[in-house]
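Handing you a structure now.
Each chain gets a letter, A, B, C, D, E and F, in the order it is written, and its residues are counted from 1.
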Amino acid sequence: MSEVYKIVSEIERNQIIAKIAKGKRLDGRSLDEYRPIKIETGIVSKADGSAKVELGDTKVIVGVKVELGAPFPDTPDEGVITLGAELLPMAFPTFEPGPPNFDAIELARVVDRGIRHSDIIDRKQLCIIPGKKVWILFVDIYVLDSDGNLFDASSMAALAALKNLRLPDVKVTGEDVELIKDSMKPIPLKGKLAAVTIAKVGDYLIVDPDSSEERIMDGRITVAFNEEGKICAIQKGGESSFRYQEIQKAIILANKSSEKIFSELSKVM
Amino acid sequence: MLFEEKIPEKLIGSDGLRLDGRKLDELRPIKFEVGVLSQADGSAYVEHGKNKIIAAVYGPRELHPKHLALQDRALLRCLYRMATFSVSERKSPAPSRREAELSMIITQALQPAIFLEYYPRTSIDVYIEIIEADGGTRCASINAASLALADAGIPLRDLVAACAVGKADGQIILDLNDLEDKYGEADMPMAMLYRRGDVTLLQMDGQFTIEEFNKALELGKTGISKIYQLQRDALRNKYLSIRDEVADESEVKVEITKEVEENE
Amino acid sequence: MSEVYKIVSEIERNQIIAKIAKGKRLDGRSLDEYRPIKIETGIVSKADGSAKVELGDTKVIVGVKVELGAPFPDTPDEGVITLGAELLPMAFPTFEPGPPNFDAIELARVVDRGIRHSDIIDRKQLCIIPGKKVWILFVDIYVLDSDGNLFDASSMAALAALKNLRLPDVKVTGEDVELIKDSMKPIPLKGKLAAVTIAKVGDYLIVDPDSSEERIMDGRITVAFNEEGKICAIQKGGESSFRYQEIQKAIILANKSSEKIFSELSKVM
Amino acid sequence: MLFEEKIPEKLIGSDGLRLDGRKLDELRPIKFEVGVLSQADGSAYVEHGKNKIIAAVYGPRELHPKHLALQDRALLRCLYRMATFSVSERKSPAPSRREAELSMIITQALQPAIFLEYYPRTSIDVYIEIIEADGGTRCASINAASLALADAGIPLRDLVAACAVGKADGQIILDLNDLEDKYGEADMPMAMLYRRGDVTLLQMDGQFTIEEFNKALELGKTGISKIYQLQRDALRNKYLSIRDEVADESEVKVEITKEVEENE
Amino acid sequence: MLFEEKIPEKLIGSDGLRLDGRKLDELRPIKFEVGVLSQADGSAYVEHGKNKIIAAVYGPRELHPKHLALQDRALLRCLYRMATFSVSERKSPAPSRREAELSMIITQALQPAIFLEYYPRTSIDVYIEIIEADGGTRCASINAASLALADAGIPLRDLVAACAVGKADGQIILDLNDLEDKYGEADMPMAMLYRRGDVTLLQMDGQFTIEEFNKALELGKTGISKIYQLQRDALRNKYLSIRDEVADESEVKVEITKEVEENE
Amino acid sequence: MSEVYKIVSEIERNQIIAKIAKGKRLDGRSLDEYRPIKIETGIVSKADGSAKVELGDTKVIVGVKVELGAPFPDTPDEGVITLGAELLPMAFPTFEPGPPNFDAIELARVVDRGIRHSDIIDRKQLCIIPGKKVWILFVDIYVLDSDGNLFDASSMAALAALKNLRLPDVKVTGEDVELIKDSMKPIPLKGKLAAVTIAKVGDYLIVDPDSSEERIMDGRITVAFNEEGKICAIQKGGESSFRYQEIQKAIILANKSSEKIFSELSKVM
């Protein structure tokens, strides 16, 4: 039944590279082609916002819960967004239960940094009474099925869940905050965000690696763009290095590929 | 939970129906899906009322750390976890005592069903994630896990089917929802290897006279029989095309092609 | 010196069952007979309530400490009872130090559920200022010597310690609570609670298993009764199943055996 | 602690007696009981003033995890824990740093007494539970643990006896109680293999001139000699009937039948 | 932090200089010291602006626990920790997520430099302690760790040099300090095996157009080349006397005696 | 490279003892001689007080951070001093990362007890509003390089860091505390403290053991003195015992050796 997934034969690697050298991948995609993307929102009624993304066989659910709370002392007039990620042990044979490991922390951080620096959410609009009461958004990513490229899938799911989020109107009397029932409204999002992951396999760069490609890749770089085409976050990952010129090529390729993400997100946003 | 929940005055209306319109002995709508994940050896998704639960199985597989391995059988490990957004009040992502307790309860409920002795020194890992909770998650988790075990091809004596019974407004009711669970007078989750008549889970909280207990036990068994049938339907739908092979192995695999109903 | 306790020979199991088939147990008890029960209260002067129970060689101490604190938001007019259990590593060769494992959590939960659902304590009487100040009772179970049937021994000890508990009168001025010295009084308990554990050994049901019987038993069920004979909690434990009819028989047997517990509790309550 | 403790103005009265009526060099009432638990290999219960402490010993036994095993001797592990209700302010059930520290201090105090080299690759586990605390729990724990080791039949060079000395109102006093510990001027717990004259525990907090220190050290030794005698009495009571066998093994076991007092 | 920090209105003055007087493409003062600890196999101390960082290396050495060992190479483990007093607001002594994350980032940045395959089944442990932090600790830590690895005699393909670039008041700047990091518009830490042209660390936060990104990448490389030279000077100072032996092993050791600059 | 440090050959032990028997140690010191001591203060500008001590190759850094906070309930008119110690894994081959182990806890406790019982700091002077606001001093010891005798080095470093500590003046209005900028002042210290560690090697007592001597020593005793020569703290360590008379001798030797520490501290205090 379960196989040892960590050990990959040179044969598998050579097969994948040979195919890529001819411009194709094992599943028939071209080097810059995404797998099919499916985005659903509002899938968890107890969450204040939720979304599910399928990227090929990769499946990610994101739920948002909100609370009223105190702002951080150094940003008294801004709401708080807290992003967490769990790589559920059901998602992949080598994922283990326990507190978030580096991979989970990195996933949450990369999604967080993309959202934060893209300025999609005006945190000031989440402030109710400066220095006292703000909205706190807990955005939690759950990876259910891990067939590669969790960064891009999770970024999409987080964005869609935030788009799906509903907050009630509030009535402020002194320091008292009353929530108005039946007044749930979405929060305004400024544009969209696309995180694009490029894998380096030998001398080739490919978009949206699946888990078999991730097992044999030499490196990975994720680039998040806002809709104006500005880079908002970069994360080079993996244990190998990129050549200086490969970095530049990867950025161009990622920029081009971000269009696909924006177009998929447009369907739900 | 932004707005407070109203405490219902009554759980059963003057028409004898429950707040969600069900009769006293009626199950909530149930949907089973088998084989929903690509990486796991077996998986199942259940919607039971508003409960949304995924269960996945890995194994039999090599066990780490090795000193946990059992010399004469596989080690069954179930892990029940709730998503932070699955409940009204956000759940902390840290594992809670309740999750640890339910993980063990579910393990005990599934264990008698599995031919663990076929796979010494390995582990069979069952992972359960509550996407949305609505009362009765332990029973719904057992139902999903049981299907995921079958989907993984793990040899089973029988499917485990589970359901709660309880008491509300003095009446014995089947398959409690969230409100009935919280404001009712008794809650009794049960699990059975239905065809064998073996009870693998029985807990109770609240107050029952012995007569009420006996009535509840009987109603629970009836509910379990219905769920058991739905589980088999779900497996049959998935395995329609491979019916013949499975039938040959019926001694050690779930006999999903025969309609045997040999209860005590 | 220490032996490996986990591995039990088939021989031991067969001996015990052979005896049981004749209506007797290794220590001479009949199948529905409890071991001698000894209950002492007020054994720890720094605790606000305490008791020690000996059930055969099984020894359990329970201490209660009280504090003033805030109620739970959803029960603003009720005091709080927090029940914990430790299986001390001194109590049994295979008990290990560390945070409570499943067995300890289950023990605490079963005792807690019995007390909670028997309505012995009116939590409303532990409320001082609704929504603000209530009595918080920490009831901690310590198993010192584990010769089987910790559930029943711990339930008795918890009940006796609660009976032994003394709280001072309070004087409320606005939101200030003043404790009156030398005014310690017991809290009113409504009736009693009996937790009865039945073990399944082969086709037989026996009451109050000792540790040698627990090692070879096929299953266990604990049933808590209030003095009116109502069932307040059930917990089937162990890795094996009960036949449907065995469940019904066990309930009847437990109900009958609860009389013994009630009679022992009467001596100290 | 519902009511606040009053801070005493003086710890020694004008009559030269301490608040609990003791003379400066007087021990609190002490009661030892040996063999109080059914499952442990050895056990002892001590009441020392209002301290109530149980110690139990398992071993020599196989050690888990195995990589901790020592090739040339047994590993001695002591675990000192306090019940939540043993002190005025409820103690958190989570292990505290103080408990970890005292566990190690007690291990060090007992270690020189045991022929650990007789049992390579095993562990000897000493579990200590403070049921009620009243000042001087570390010394009382050592006294109890030492008896539990003897009760378990672990070969000992000698019993370890322990007692604190200190200073209150400028006077050197023996066996500090809770108040004297808190409000006194110095506290010095000691433990000795009494007949061998070996000091296995010595700590001090407070202020002593060197002269005071020497006086305290001497008083401590005297107190320890009395406790040592009480320990031997407790063992003798338990083992009266098996005196002869024990005497034969006197080289490696505690010699409880001879009244040797060979101190430096 | 007793007194609140004032948020600067501008990060670059009308004179084109930064608040600390530097030009846009100017590094902060940097001081490297190699071999500063007596017990570690290799060590280095760096002052980079007000950053004060010590790195130490142990290994290749036997690895515990053994099941972590890799069959075909050494396991590189870096541990980045901050002293409680290294930052304005006291840091909790408990390990933070950020420390765990940076430990891994630094491991990934150093890994491509080391001939790990020479030492299968061992570990190489790099410990980094931030004594004082002032922006850019991850890059300064990589620089120190790289020197400590060389000092430990670990065979390296090349030294790893690291530096951040970023944007402030719309301008691309080199080597951000604390304020520029916090209030600037973009921060991009980089690390390279400089002579090989391999980028082993690249992260970015903020906003860059693609043109700005390319300009920043180029400026980062220039900064790294300067730091790389300073690292080699520090090693040369330490190893002046043992130059000849090192030169002989130049294939597997850092070639600190040749001035090769073969970049793309 | 790394060697197995824990296993020490009998040969090494015999060599050290043979040398000691002639009144000398491997590094040429006499039995009662300290290694060179170097104390620097004010080495971390973000700390409120800091110091570095080198004792031979042993290197310890201590930093102090202060906060305003609530006093302990039982000492409402006293500030709080919290002392922690980390044995950094860089300091010695067998030190491991993780929460403080017994050695680190013992180190912190011994330094703490010395400072506490020497009455060097009048905690009442750290009180601002009794029962409400006091200064909390976090004194954190970091051992960077461990070549033996961490107790004495850490005690010196802690004392020097406290001497280097600067606190601002405060202006109290009702319950509001305002800190006055540019008013940083040292806190008054009453005298000094010397912790002296004596190792027992065979039948000999030596002062200031280095790491090779610690590996082979039979026991260790640390004695802290204030400047009047009063003993403020004692800690016997190690797994072996001292003879009764050796204890007395060690105290005398420690007392004599404390002069060296006081003289070094005088240079920075």
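What we mean here is this: contacts are C-beta pairs under 8 Å (C-beta built on N, C-alpha and C of every residue); 3 or more make two chains touch, one makes a residue touch a chain.
None of these values were measured; they are calculated from a predicted model.
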*Listed by label, which chains are in contact with chain C and with chain F?*
D
*Where centres are the averaged C-alpha coordinates, which chain has the largest centre distance to chain E?*
C
*Chain located farthest away, centre of chain F as origin (C-alpha)*: B
*Centre to centre, by mean C-alpha position, how many angstrom separate chain B and chain C?*
28
*Distance between chain centroids, defined by C-alpha means - chain B, chain D (Å)*: 53
*chain B residues counted as touching two or more neighbouring chains*: none
*Set of chain C residues in contact with two or more other chains*: none
_Touching residues of chain C toward chain B in the complex: what are they?_
100, 102, 105-106, 109, 113, 116-117, 119, 221, 226, 229-245, 247-248, 251-252, 255
*asked:* For the complex, give me every residue of chain E touching chain A.
replied: 97, 100-101, 104, 108, 111-112, 188, 192-193, 197-210, 213-214, 217, 221, 264
*Any idea which chain C residues touch chain D in the complex?*
1-2, 43-48, 50, 57, 59, 61, 63-67, 84, 86, 88-93, 97, 99, 138, 140, 142, 144-147, 168, 179, 181, 211
_Complex contact set, residues of chain D against chain C_ = 2-3, 37-41, 43, 50, 52, 54-56, 58-61, 79, 81, 83-88, 90, 93-94, 125, 127, 129, 131-133, 152-153
